[in-house]
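Here the chain labels run A, B, C, D, E, F and G in written order, and each chain numbers its own residues starting at 1.
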Amino acid sequence: MIASQLPVLLIVLPLMTAPLCVLLGGRRLAYLLALTVSACVFGISLALMARVLQSGPIHYDIGGWQPPYGIEYVVDYLSGFVMLFVSAIAAIVLAYAPRTVELEIPGSKHTLFYASYLLCLTGLLGMCITGDLFNVFVFLEISSLSSYAMISLARTRRAPLAALRYLILGTVGATFFLIGIGLVYQMTGTLNLDDIAHRLPREGGPRTILVAFAFMTIGLCIKMAVFPVHSWLPNAYTYAPSAVTAFIAATSTKVSVYIFIRLVYDIFTPEFAFDLLPLDSELTTLALVGIFVASTSAIYQSDVKRLLAYSSIAQIGYMLLGISMGTQEGLTAGIVHMFNHALIKGGLFMVVGCYALQLRSVQLEDWRGAGRTMPWTSMAWALGGLGLIGVPVTVGFVSKWLLLTTAVQTEHWAVAVLMLVSSLLAVVYIWRVVETLYFHEPSGRAARAKEAPLSMLVPTYVVIAATLLFGVWTTYSAGLAGRAAAALLGAGS
Amino acid sequence: MIDPDNLIWITIGLPLVALALINLFGRSPNLREGCTILVSSVLFAGTCLLATDVFAGGRPQWTVGEMVPGFSIAFRVEPLGMLFALVASGLWILTTLYAIGYMRSHNEGHQTRFYSCFAVAIFAAMSAAFSANLFTLFVAYEVMTISTYPLVTHHGNREARDGGRVYLGILLSTSVALFMMAVAWTWSIAGTLDFQTGGILRTAFERGQISETQLGVLLGLFAFGIGKAALMPFHRWLPAAMVAPTPVSALLHAVAVVKVGVFSVMKVAVFVFGIDLLAETEVSRWLCYVAGATILLGSLVAMTKDNLKARLAYSTVSQLGYITLGAALATPDSVIGGGMHIAMHAVGKITLFFCAGAIYVATHKKNISEMRGLGRAMPFTFIAFAIAAISIIGLPPGGGAWSKWFLAVGTVENHLYWLTAVLMISSLLNIAYLLPIPMRAFLSPADTKPPAGLREAPWMCVVPLCITAVGTVVLFFASEWIYKVLLPITAGS
Amino acid sequence: MSLFVDILSWALLLAGSFFSIVGGIGIVRLPEFFSRMHGGGITDTLGAGLIVTGLIFQAGWTLVAVKLAAILFFLMITSPSSCHALARSALAHGLRPELDRRPDKLPELPGRRREEPDSGASR
Amino acid sequence: MINEFTMIDVAILTLLAATAVTVARIRDLWAAIMFTGIYSFLSASWMLSLDAPDVAFTEAAVGAGIATVLFLCTLALTGKNEKRFPRFSPVPFLVVTITGAVLVYGTLDMPHFGDPDAPVHQYPSPSFVERSQDDMHGLPNVVTAVLASYRGYDTMGETAVIFTAGTAVILILRKEEDPDDKADGSEEEAA
Amino acid sequence: MSLEQFLGLYNYWIVIFLMMTGFYIVISRGNLIRSIIGLNIFQTSVFLLYITMGKISGGTAPIIPPALAAAHSPHDEHTLDAHGEHALNGHSVDEPGAAAGEPIANGAAELAEHVEEIAEPVSAAVTIADGPIYSNPLPSVLMLTAIVVGIATTAVALALIVRIREDYGTIEEDEILAVDRRS
Amino acid sequence: MSMNTFPIIRVVTKLLIPYILLFALYVQFHGDYGPGGGFQAGVILAAALTLYGLVFGLEAAKRVAPPKLMQRLMALGVLIYAGTGVATMLMGGNFLDYNHLTHDVWPQVLPSGQHLGIFLVELGVGVTVTAVMTMIFYTFAGRQHIT
Amino acid sequence: MVEAAPMLVAAAEAVAALGGSRQTEWMCAVTAMAILVTMTLALVRAMLGPTVFDRVLALNMFGTKTVLLICVVDFLLNRNDFLDLALLYSLMNFIGMVALLRFTEYGSFGGDRIR
């Protein structure tokens, strides 16, 4: 019985634990609850993925109502994959969090903070698992609202401002998405994703559908922080508490990308999106421009968190590149880059958290020479950075390679060249930090600093090790992504 | 007798075993270095064992699995790679021995890191040597770049940082922007990346999937993309990497890095393009010119350097040009000459670097102009230097004589007489910048009286360089054997 | 009977509409705040009262009528009391009726505001 | 078919448009807030005439009640006066115009207002109204039925959103020096 | 552009105008509170867009009056659909002037006898023309949720604004920027 | 700080509040039959508390509905809602499948599992909304001014 | 099947009782239009309103007119169960007014001012 209810437990467990934390109070208890539950959720998503691999996609009717009437859960390769890494990152970041939370968030807020964290996780997972378009919006808002709150928690006064900017843009994005949902609903009479895919009038490209698609795309682009509408992201990532940044940076934008993939490949089908609308070429252009602009900005940052934030914007560009190629290989590359980037960025932001704890600063100049006093942390940075650059034997290489081969195969020569050249910009900004860590005389802070506590280093290294592991063993990263892509394209055409 | 197929993973895995042991015993230097020596000896023995099979005509192979879907890591041993592996593994023992003496007498820090990276570099060299496809080769190549970076910047000061910047910058950017692109392109037109005798591009060319011009461009991408081959104008990293400790320089210039570069060029020329195709289409003609220019310019610049290591570095640039030239000439003789030169130059150049290091250890002198009259205090070192210099110049009884002979034959076969002239002039220049050093050391009186108690470097430094010096002479007599084992690679498809 | 009730309710509705519009015109056309309150008052009490009563007649003796009565009760209580509070507040802030142009008007002192709010309203 | 409903429709829409423009153009912030309340009232009235009493109910309660109070609370905390009234800025105007034009373009293929043949009314079949009488054993309010049962999961999400918002507001505004680990950030500010 | 098209779409257009007014307030970047007000209006207008979709001409709110609901018996689920339909069809809201009794009785009798023969002229006249049609409840449900989301967002945004004002001393975009630049 | 200068408002408020509460309960439990439901009822209840707080001062309101209690109620409502779903799961149905709830609790009013389920769920919504809205008002109103 | 017929008839009659006559509907429409006109006038005053109080007054009036409009529209639509809504409107209008008064009069909603 439990087995058949697993999809629900995935959502309900964190959803119920959040209020339970508030109800019971007590920050230690809240933390333990949150940790246990997020670990459970990870276990559940593993089990779900295993079942999907065994016996195909799982459908679950909530309330026992058949899909056009009720809401259903759909766990297929793609959603299972995304949920797997989201829940994994959530659990690991939570295991890592207590020390930084202790430092960066006032004690009276811890209980509610962990509740918010769980809610954010619920929202993200809910977006992945649901098979209903409107439900996506609802859970999008759950995750967004809790992340606004979590971002604003840091002690700097810029944090609330960053959160508000994010909120305004994010809400505009969500509202655009809502408009899009409305138009789609009006043309199909249903909200179920499968149903929409079947009923959507695509012939001749009805203007309403075009506009609906455009609005949903713009809305999601804001949430994904695609280049021209990315302005919320750098500040939000920079001023949020370290643990929050690690979690949100690794998961939140990825889930939006997931929704976008669903939209393009499942609902509207690539023929509609890429042939009728020139979405592919536009997205490619945007992605490339974004990659260059963001990477260049990253080079000039003196704040490491901001540097990584800009790099995130650039990396989203790579995902979009893959998605907009419209072939199975490209899609695989996009999907696997979601996973890879989640690992890399999660790991790097966790490293930043370690420095923030020991050096009380994320300014690059304060990190000078920390490589000597904090060798393990610094090595983690270097390894994670290699992943971001895309050096072989790290996950970054896998996605870069897939992207490249796809681009070459589909004869997007310019894309291939620009992509490779742009990845060199990553070398510059990552290496700037590495050099600061290793080739400068220790600054005052760094000289006095001690190695980060084991409770933070171990989770960090788990993630970093994963970036290396999945760089050579891709059966369950690129392999799954490939199956997901195949399923998407098979169903779409 | 161990099955040759198994020997592959044993030999590739051994450096990783060494890596583990080094880190395990990081706290007790004797144990650590003892392990390194032990493992490297075992590795050499294993490689020899494997060589007996390969040179007898066996082609053992071992496929690890897919690293990126569709692209597998696989190994297949052929004579050229075997030769390279023999050189690398054999010289690792000596370099380790030498490094122990050098590092200890200099009281260098971070020795564990040093030996670890060394082991990884050898691992990469072995992987590259045995690689069965271009993809594996590329991965190994990149791993090599990254693992040697900490070695180059070992001292961790500003000078090291600047050197490291150039090193990493050039090697990474060329490999990512050009090499990777070339690999992807090759894959897209040939449909495979497996090395095959006679090349894989032939059918594609005959089918018209790639024009002659494009073939030339592709060759260019490879030749310049493999920055480790130090073809001008991408040779700057080599002198820049001279900031490294001398054992590292020895490793870089003789054993691993540059040899991986030229080895890759050879592999690409022989097994991807195929020398027949190159010869027919003459697309590699321009590469001959570039290689010729590199040879000449490298020698000329070397003349101007007073710093011994810098002079040796430019000498290496020049010598690498020979090997590239061998590949570009695309005649059986020239290819064999190039392959042979890998071994000849390796043994010769490592001797020279060992000598430079020994001199530095004993006298703390880096500049040639300060070395007058040292010969009497350090006879072994300077005699070894002289022998090795003879080999590099290409005079009997140094091994270099044979390889240069075959290259010259290659130029004549191609009717590129002016290239023959270039080879001659370069040899003269070699004489001009290498031989004066031992001459002065023995014949000139010292400007100032050498300090009392000046004597040879520690035996750990001197013994290896004596062995390699003897090696150059041995190779002179073994060249026929080398010619025979290399002959199969030139066979047509 | 039914027709009579209907006609009565129509009349009430029409009257209510009339007063409502009159009040609306009043609130736009009258010269200053306190006289405009008069317009507002007309619509809020007469207009609302008549219309709701008319509707009650329409509904007959049902739950609907009770609800309408409740609404009327609610409106009749809240609207005047908020109007009253508004007027008080206006006076307290120094707004004087147009007709109240006493030459000896004291200048407003910020500190005294709370103590003398009734002076204007009681007149 | 122009009838009295159309007239009311047009009248309310006109008022809505006027209110919206007023909000955009009025100087005083508090007045803008009050007009937002009016806007909510008006839209609720219109929703009522569009047969959505439940939404009207909620919009009135939320938009005109709670939101107004919240806005005024904030305004009281932040100072009443907007210092500089934003001048007319062409770039946002352009963005808005383009967005609006795109939307209008999108409406051209839409089923007309109230069209019974619209997909929304044709699918799923039987409709919620028809089904719910069986499924719900005679629950009259179909909206409630859909809200709490058919799409009960959405509503659970909605509850979670509200809870999240509550948590968020407390998190954001709770005093940092509050030593009490448990609930209630503001009790010691008595007097 | 025919008149029919205009009449069919003008509601949407006005709603779009309202949305865009709200959107303009959001992005014209002045006072933070004003932005949130704009957001509110933007969202409210989107609610209106949805509600317009649910409307059906001549329809009524999807609340089935208890009297009608009572006519349903939970037991005979088998024929329930047909019964429900016809019971509803029996009454015509839009013809209040007509003496309601007769056609209903007729219709009901017909129905009771020949549920299947609905296509028969007499009953057809009663049933097809103007049964009480119910507007679609789904947009209402969606918007109930969306309204809640909207107020939740507003509350969080306002809380953030309070914090910003306390930290910066202002809630004007440009002044905040100036403060940030100074520090 | 209460609105001492407006005695009429105070009286009227005192008069109205019981009716508002009654109205809220009506909306809560009549939601199945007419417009209304848990959310609307919650908002009305919270509005009543807010009104009380506005007129008689924040402290008075906090005495009526202590913030600690409200914060717990916030959580409780969500738990009621999700708990109903879990209960249906334990009884063998899908999540939120009310047909699996026993419905002999109060047969006149709640003739079926669906009715019971909807009742419970609306209760959960009502509790959460009341508590959250009140809490939000408290937090805003309790914030100190900085001038 | 046969037993269901009387129930159907009863139900139909109940619905018929809810409906008014055509004239009443017309009357209601007129009233609604009048109320709308008043609302417009109030809105005009609210926009013009030279002082704060004029605006508040107009807004208050606008609120009460909305309540009336709802009542009338109820009858127009023959859905009397919407009257709850009117009640809610008047309540919310009152709360809004009180909040506004408190705002203009005290400038604070509970906490003390600190300087």
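In the analysis below, a contact is a pair of C-beta atoms (placed from the backbone, for glycine too) under 8 Å apart; a residue touches a chain by one contact, two chains touch by 3 or more.
Treat the numbers as computed from the prediction; the structure is a model and nothing was measured.
If you tally contacting C-beta pairs for each pair of chains, D-E comes out on top.
Ranked by how close its mean Cα position lies to the mean of all protein Cα atoms, the top chain is A.
Our note on geometry: chain B versus chain F, Cα centroid distance of 78 Å, whole angstroms. Chain geometry summary: the mean Cα position of chain C and that of chain F are 33 Å apart. Between the CA-based centres of chain E and chain F the separation comes to 24 Å, rounded to the whole angstrom.
Chain centres here are Cα means. That of chain B falls 71 Å from that of chain D. Multi-chain contact residues of chain G (touching two or more other chains) are listed as 20-21, 25, 39-40, 52, 56, 77, 79, 81-82, 84-85, 87-88, 91-95, 98-99, 101-102, 104-105, 108-109, 111-112. Contact with two or more other chains is made by no residue of chain B. Within chain F, the positions touching two or more other chains are listed as 5-6, 9, 16, 27, 33-36, 39-40, 44, 47, 50, 54, 59, 71-72, 74-75, 77-78, 82, 85, 95-96, 98, 111-112, 129, 136, 139-147. Two chains count as a pair here when they touch; such pairs are A-B, A-D, A-E, A-F, C-F, C-G, D-E, D-F, D-G, E-F, E-G, F-G. Those residues of chain B whose C-beta lies close enough to touch chain A in the complex are 65-71, 73, 138-139, 142-143, 145-146, 153, 156-158, 160-161, 164-165, 168-169, 172-173, 176-177, 180-181, 184-185, 187-188.
Put simply, chain D touches chain E in their complex at residues 1-2, 9, 13, 16-17, 20-21, 23-24, 29, 32-33, 36, 39-40, 43, 46-47, 50-55, 58-59, 62-63, 66-67, 70-71, 73-75, 77-79, 82-86, 89, 92-93, 95-97, 99-100, 103-104, 107-108, 110, 112-116, 118, 120-121, 126-130, 133-134, 137-143, 145-147, 151, 154-155, 157-158, 161-162, 164-165, 168-169, 172-173. Against chain F, in their complex, chain G makes its touches with residues 81-82, 84-85, 87-88, 91-92, 94-95, 98-99, 101-102, 105-106, 108-115. Contact residues of chain F toward chain A in the complex are 71-72, 74-79, 82-83, 85-86, 89, 92-99.
Contacts from chain F toward chain E in the complex involve residues 33-35, 39, 111-112, 129, 136, 139-140, 143, 146.
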